[in-house]
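Here chain A shows up in two complexes: once beside chain B, once beside chain C.
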Partner chain A sequence: MRQALILAALALVPGLGQAVYFRDRVSWRSPIPASEMITVTQARAWGGNAIWVDARPDEEFARDHVPGALSLNEDRWNELLPQFLAAWSPEKKIVIYCSSQSCNASREVAHRLRNEAQLPNVFVLKGGWEEWLRNR
Partner chain B sequence: MRTHIFAFTLSVVICVTAHAELKWEQTAVELHPAPTDKEAVGHFKYQNTGSKPVRFKSVHTSCGCTAAQSQKEEVPPGEKGEITATFKIGDRTGTQVKTVTVQTDDPANVTTVLTLKAVIPQELEINPTFVFWGKGEAPNPKTIVVLAGKDFSVKQLKVASSSPDFQTKVEQTGKDQFKIDVQPRETDKIIAATLTIQPEDSSKIFYATARITNAPAIQ
Partner chain C sequence: MKKFLWRLVDLVIAVIFIYAGAVKVLDPVQFANDIDNYKILPWTIGVGLAFYLPWLEIFCGLALIFRLLYRGALSILTALVAIFTIATIAAKVRGLDITCGCFGHASQNWNFPAHLALDLVLLAGVILLFYATGAKPRDLKGA
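For the complex of A and B:
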């Protein structure tokens, strides 16, 4: 038992070292609190009060997207943002999606809309585009 | 006591012999592109230090904005190579962390995550980038605060509105600090303007939007 504990403690040392050394290099922390995530069912219930925003690259948006969604990605942020703002109004909720759970684009777009444009009611779609397809 | 030493030595030996054959020079790269750069390219160099060939099974990136390419599909023993990750900067700002997941047939090191960190210099911080008025709201000016980013200095700011329906007034409030007062002529119709903001001596243009919305303002 003691032997096992000693070995486990020894194994922990390089693990801790790596965690400290790479603390800023791998993003395992979710920048979006759970309260700002939304499911497909919840977002659909908002009906016309929601603006759907597609944060994926242009090619993916051109291939297919949520009907009525507006394209807003960081590749062409300066060009697309005014088009989005023209459709926005204060009472509307914003639902942003990208291509999968691992993709960070919707979080980045949400962050910029909240912090730079200071818009309220900005939500990220749980499961993104794939989840919307499953519920289509 | 001898048993303990033997057990410890054995665990160390097992760890050493299980060392990956594909040895990476570095698995994390930090890039500092210039303000005008369109993309940032990271090079992840490796060498097959093992005795048998290593085959790449897949190379995936965490974001559509990053493309990764391996020079070869199979790396013979002793050979060197690299995976290039090209990050498209677009209109992104701040620190961007993207990953490239590499899978090989090396049983000791099936998956390796390569990290590309790009620190994009931010010449100006504009807050907020959007000002709006509700239809019928009093056409009072609203303020946009502009600060020079870290390591930048701005002596003068040029601001232009795309529409004569919105007037702008720039005032320096401190060193590298400005405020832009934006005022609509009227708020009884839905109109918008793009404001271009440009530091003197810089080719880079920044944007903000002013708009009259069709609903009562909430700010």
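For the complex of A and C:
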């Protein structure tokens, strides 16, 4: 027990250091900062200045999707990312959605676009596809 | 020979945990998202764990390699893997489509059986080490 406590305490030191280092890069209050969430109405108002990204699996995208949306999911990330980047331009805002409010795919894709592809103006659609259907 | 085999097992387990920890240390935000996917803990606690757990895995892995605080490391790893296994099963039962998060993006596409199999193999490994070695590093010095 004493050994476990020592190890637990030791791990706390770099953990705290890293938390301080990353303090501006992660929100402790919510998975997605409010500034990175977007409602259907707000996203629609952007019109042609927005690229819609469907983060759901291929079969759901094939069934139906937001008109003009591009498919970009983690199952085929390496294959779909170049297609997405070909359609993207710096002035465009990226609106990502997955199936519902509780899904995570849009968040994951947003995280990867920001961190791996280093893209700005990445937003997650509040309520996802279900919300878009309600407002169609 | 037997001692050599157990030494090999704890080296393999140590390397797995050090690798898993290192990958997550490099992207704690992704790991926080992975924890949140399980829908068990509030986001704030998940973020705290995302900064802490990877280091705990690394320290426990190093403890296994260097035979320091060995018994403590095995206790922690047994508890961690048991919790991961229960959380994985609970997520599946609740119909959550989760990404593993075990090894960062390297494990993003793992399905449930693969995820569960890894948890169970690791759990079996640490429990076996606990009993096989009596978790007394001094006994193994001649290995």
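Everything that follows uses one rule, which is that the second predicted complex is superposed on the first by the 106 of 136 C-alpha atoms of A that agree within 3 Å, B and C clash if a C-alpha of one lies under 4 Å from a C-alpha of the other, contacts with A are read in each partner's own complex, and residues count from 1 in each chain.
The working rule: a contact is a pair of C-beta atoms (placed from the backbone, for glycine too) under 8 Å apart; a residue touches a chain by one contact, two chains touch by 3 or more.
Note that this is a predicted model, so its numbers are computed, not measured.
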After superposition on the shared chain, which partner residues are touched by A:56: those of chain B (first), chain C (second), both, or neither?
-> first
Determine, under the contact definition given at the top, whether A:107 touches first (chain B), second (chain C), both, or neither.
-> second
Considering only the touch criterion stated at the top, classify A:75 as touching first (chain B), second (chain C), both, or neither.
-> both
Once the shared chain is lined up, is A:7 touching chain B (first), chain C (second), both, or neither of them?
-> both
Both chain B and chain C contact which residues of chain A?
-> 3, 6-7, 10, 22, 25-26, 74-75, 102, 104, 108
Listed in rising order, the residues of chain A that touch chain B in the complex are 3, 6-7, 10, 22, 24-27, 56-57, 60, 73-79, 81-82, 85-86, 88-91, 99, 102-105, 108, 116-120
Quick one: which bits of chain B touch chain A in the complex? Just the residue numbers, please.
-> 4, 7-8, 11, 28, 62-65, 88, 90-92, 97, 99, 113, 115, 117, 126-130, 132, 134, 192, 194, 207, 209, 211, 213-218
Touching residues on chain A, where the partner in the complex is chain C | 1-8, 10-12, 14-16, 18-19, 22, 25-26, 28-31, 74-75, 102, 104, 107-108, 111, 115
Could you please specify the touching residues of chain C with respect to chain A in the complex?
-> 25, 27-30, 32-33, 36-37, 39, 43-44, 47-48, 51-52, 54-56, 58-60, 63, 69-73, 75-76, 98-99, 108-109
